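Just so it is clear, A, B and C label the chains in written order, and each chain counts residues from 1 on its own.
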Amino acid sequence: MGDNIYLPQLARVAHIKEEVAGERAIKTFRLEFDNGGGFEHECGQCAMLSIFGRGESMISIASSPLIRDYKQFSIMRVGRVTSAFHELAVGDVVGIRGPYGNSFPVDAWRGKNLVFIGGGCGLAPIWPVIQTAVAQRADFREITVFYGGRSPRDIMYRAELEKLRGAVDVHLSVDKAEEGWDAFCGFVPANLMAKQPAPDNAIAITCGPPIMIKYVIENLRSLGFKDEQIYTTIENKMKCGLGKCGRCNVGKDYVCVKGPVYSWAELKELPAEY
Amino acid sequence: MIDLNALRTQAADILETGEVGAVIGWRRGSRGMAAEPVAIVAPEEAASLVWDPTCFHNLALYLVEERKKPAQRQVHGGKPIAIVAKGCDARAVTVLLQENHFGRDDVYVIGVSCEGTGVLDERKLAQVLPGVEPDGAAFDGDNFVFATSEGERRVPAREAMMDRCLECRNAHPKLNNVVFGEETPRDFDAPFAALKRFEQRPAAERWQFWQRQFERCIRCFACRSVCPMCYCDECVVDSINLVVTPETTAAEKADRVRWIERSASRADNIGYHMTRALHLAGRCVDCGECERVCPVNIPLRLLNNKMEREAREAFGYEPGASIDLPALVASFRDDDPGQFIR
Amino acid sequence: MEALLDKNRLKDWIAALDGWEAYAPARQDGIWSYQPAGDNPELNHPNTPQPPKGFAFPQREIFFKFEQVKGEAPRLTAVSPAPTFRVVFGVRPCDGRAVPRMDRVFSDHVDDGYYQARRDGLAYVGLACNTPPSRHCFCQSVGGSPVSTDGLDVLLTDLGERYFVAAVTDTGKALMQAAGALLAKPGAAERKEVARLHAAAVAQPQRGVNDAAAAPAKLKAGFDSPLWEELARACIGCGICTFLCPTCHCFDINDEVTGTVPLKGSRVRTWDSCQFPDFTMHSSGHNPRDTLGSRLRQRVSHKFRYFHENFGMHQCTGCGRCVSECPVGIDIVRVVNEIAGSV
């Protein structure tokens, strides 16, 4: 038999950071490979992570491809496998296979303005692009990041976002007003309309809860963004990551191969089964 | 003999007057000569209803459509739903009433008596008339009458009838708002006849038999899906990921026990079928649908019959006999010999 | 390569296939299925309720075993299918046509080693359908034929007392060469008879999809049709149509734990079905296909639209199992025709 495409590599948990606490907690895991293992990836790609005895889950790679020493994943506790991840300690060993899926066409975006719009844990899939763009700052023009959570405690990557300031325009928001919060109060799409980013020579990249994405896209279009200028990612239930198991099938596409990155021009051609 | 036109008129009338919001019955299908389930809402659709030996389905299933939502009621503005029911189907409706899925006023039972016959077993027919694929089937009292391209073919009913019908306890629907057909004497097999025959085989042989049967199961879950009594939100075989709502917590999902693996291995298949049989004890009305739909021909009725007979012998209980009786596992008698319950 | 084989010498041919395990349909417990070929296999079967797809794509496949002592790294042991050579006799042409379709899925984008390893050792000896088609057959309307050789290595045609044996592939030739003197050279009369039988088989009337070529565009246009829910109203949501389909390939992957201290178990692939409600359910509870109609649409659209958009051929081969075995008579031919007729 040739390569075993279902056999994961082993990776060690090198660092764990608690991003958000509570019922829908988010933790960020840094995974390192021993003995020259690992793989290269591109912005937007995913990997299938395993905890043996629990199963596998497809998670976006949240670190920039420029970082080769480790891969980073921000995981919300929602189910069987992700809950097991939240029980892990530094030094534990997990399984990983990938990378899977397509990627954001970052090279084609050089020389353009980038507008990132994230909500909840939807910052993770677009984070590698932000990191890459900041690392290669001179290649891009204005970079703007809109990001919002339900409350100040739901803002992930808080310290990293603050560090971006100067290189990037950062516009944070929370859904409901709270004492001590002096940035925008309201939903992310509203914050977007308040700041009115210009569509000229710009690309908008959005990820977050489906309802947020829906209104962000509507608002971007009303700001003059063309369908081809808007990018998002979709995440259906996946089992194989290899375009075979059929779980993530939407229209003719197996999202694990043809996605998860789509321009709105491409995505609106698919059935809305995501 | 059942007057089909009278049945159609009845269905049209109760739709016309608004007494019911829909009638669940059978119409001509496109899968060979077989009838297919249909829910009609307009009086003029009543003309499409049929009654013949291919009306195998136990339509009580659709009273708990989409697993436990008294579905048709929601669709039809809170009006009662009518259901065309054979004797066994009516017993299933009775069990659902006993288990409080809906009230007696929510369902209107149009009973159809199987009289001296029963429904067709297509696998038997393929053996009795090999190579013949009839265009239609009818009863003539003693025989199935098949319309074929080479004229009519008659087959004695008992040769091509479902096993469940041979052993039928009550071919005339006792629970009904209106009933078509007569309560006629039947002279087929005694109840549990096949079970008795099977039990005479040595234990080792029976175990071998069941191992072979369960080895074959492909876990398509048609037996569960077709069963009116298998309405649980959460089934023992679905402990992996069914019934997740936005309110289900991560801990609940993570902690769900996987009693039975997804693999169609013999051990897991036995676990599935045994659990299902036990959950049907005192509830299964022997409509035999699980056995009919099984694509690999596992004789599931033997299991369910066994449980049914246990309930009958231990407690004198007959599932679906009357809506005035409590459900078996929800009832208690002062003279119960079990001490644990006191 | 073409030859004649006396029917009563079929068993001798099988015996001569050194190194091959042979399978053929047998009726056991009232049901036809592929079984190890017994002493005297007779290929007089109607099509088996289960297609032969499990030979290359078994319902359960172990990918690897894992073992982990708490606090230590897990140990993974890959499991590969043992190399075997298996020849399946009596495959009907509709099921033969399923083979290249499955091959496409499991080799597209990246090779699935498990499927490939099993497939590499498999040969299919087909049997032409020269008796009248069943009421559920519709191979001809989806580009097939009762005498199609697509996906087969050898095609047998029943001539009464003998089979006309025709090699389709090099593997088929090798199988025939192993028969040696059991095979006789056919004459012009036999060839003529085969041609006549094949023409007669093709001329048998069949039901079918009205215009399969137009189906992808029609199903696309009818995507939002209310008819989908209407046609799925009686659906009970079981897995018969997909599990018995020769080209359905969806699967699940799970960890099956057999011991906890130390942790022991296997990662296992099992067939899955787009008709099960939890198939597409996200961990959040959101379900992109949460109705019976949307799931029927997925199954039918995959067969007659999406697969065609990707590979230029219909995935459905017209075997009719999803129709004949459906507990409530949901009929893919009627579904395609009604949706197509509504747009």
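FYI, a residue touches a chain if its C-beta (ideal position, glycine included) is under 8 Å from a C-beta of that chain, and two chains touch if they have at least 3 such contacts.
Owing to the predicted nature of the structure, the values given are computational and were not obtained by experimental measurement.
**Q** Write down the chain pair with more C-beta contact pairs when A-B is set against B-C.
**A** Top pair by contacting C-beta pairs is B-C.
**Q** Just by CA atoms, which chain is the most central one?
**A** Chain C is the most central one.
**Q** Counting only Cα atoms for the centres, state how far chain A is from chain C in Å.
**A** Centre-to-centre distance between chain A and chain C: 39 Å.
**Q** Could you grab the centroid distance between chain A and chain B? Build each centroid from C-alpha atoms only and quote it in angstrom.
**A** 49
**Q** When the C-alpha atoms of chain B and chain C are each averaged to a single point, how far apart are the two points in Å?
**A** Computed value for the inter-centroid distance: 31 Å.
**Q** Residues of chain A that contact two or more other chains, please.
**A** 78-79, 82
**Q** Residues of chain B that contact two or more other chains, please.
**A** Residues 240-241, 244, 253 of chain B touch two or more partner chains.
**Q** Going through chain C residue by residue, note those that touch at least 2 other chains and give them in order.
**A** As it turns out, chain C has residues touching two or more other chains at 252, 254, 281, 283-284, 286.
**Q** In the complex, go through chain A and note every residue touching chain C.
**A** Going by the criterion above, the answer is residues 1-8, 10, 50, 52-56, 78-79, 82, 93, 95, 210, 235-237, 239-240, 242-247, 249-252, 257, 271-274.
**Q** Taking the touch rule as given, give the residues of chain B at its contact with chain C in the complex, in rising order.
**A** Going through chain B, the ones touching chain C are 29-32, 34-39, 57, 61-62, 66, 123, 126, 131, 133, 212-213, 216, 218-222, 224-226, 238, 240-242, 244-248, 253, 261-265, 289, 292-293, 295-297.
**Q** For a test of understanding, state which residues of chain A touch chain B in their complex under the given definition.
**A** Contacts found on chain A: 23-24, 77-80, 82-84.
**Q** For the complex, give me every residue of chain C touching chain A.
**A** The touching residues are 63-64, 66, 68, 72-74, 76, 78, 80-81, 105-106, 108-114, 116-117, 223, 249-255, 257, 263, 265, 267, 269, 272, 274, 279-284, 286, 288-289, 294, 298, 302, 305-306, 309-310.
**Q** Help me check something: in the complex, which residues belonging to chain B touch chain A?
**A** Within the complex, chain B contacts chain A at residues 240-241, 244, 249-251, 253-254, 256.
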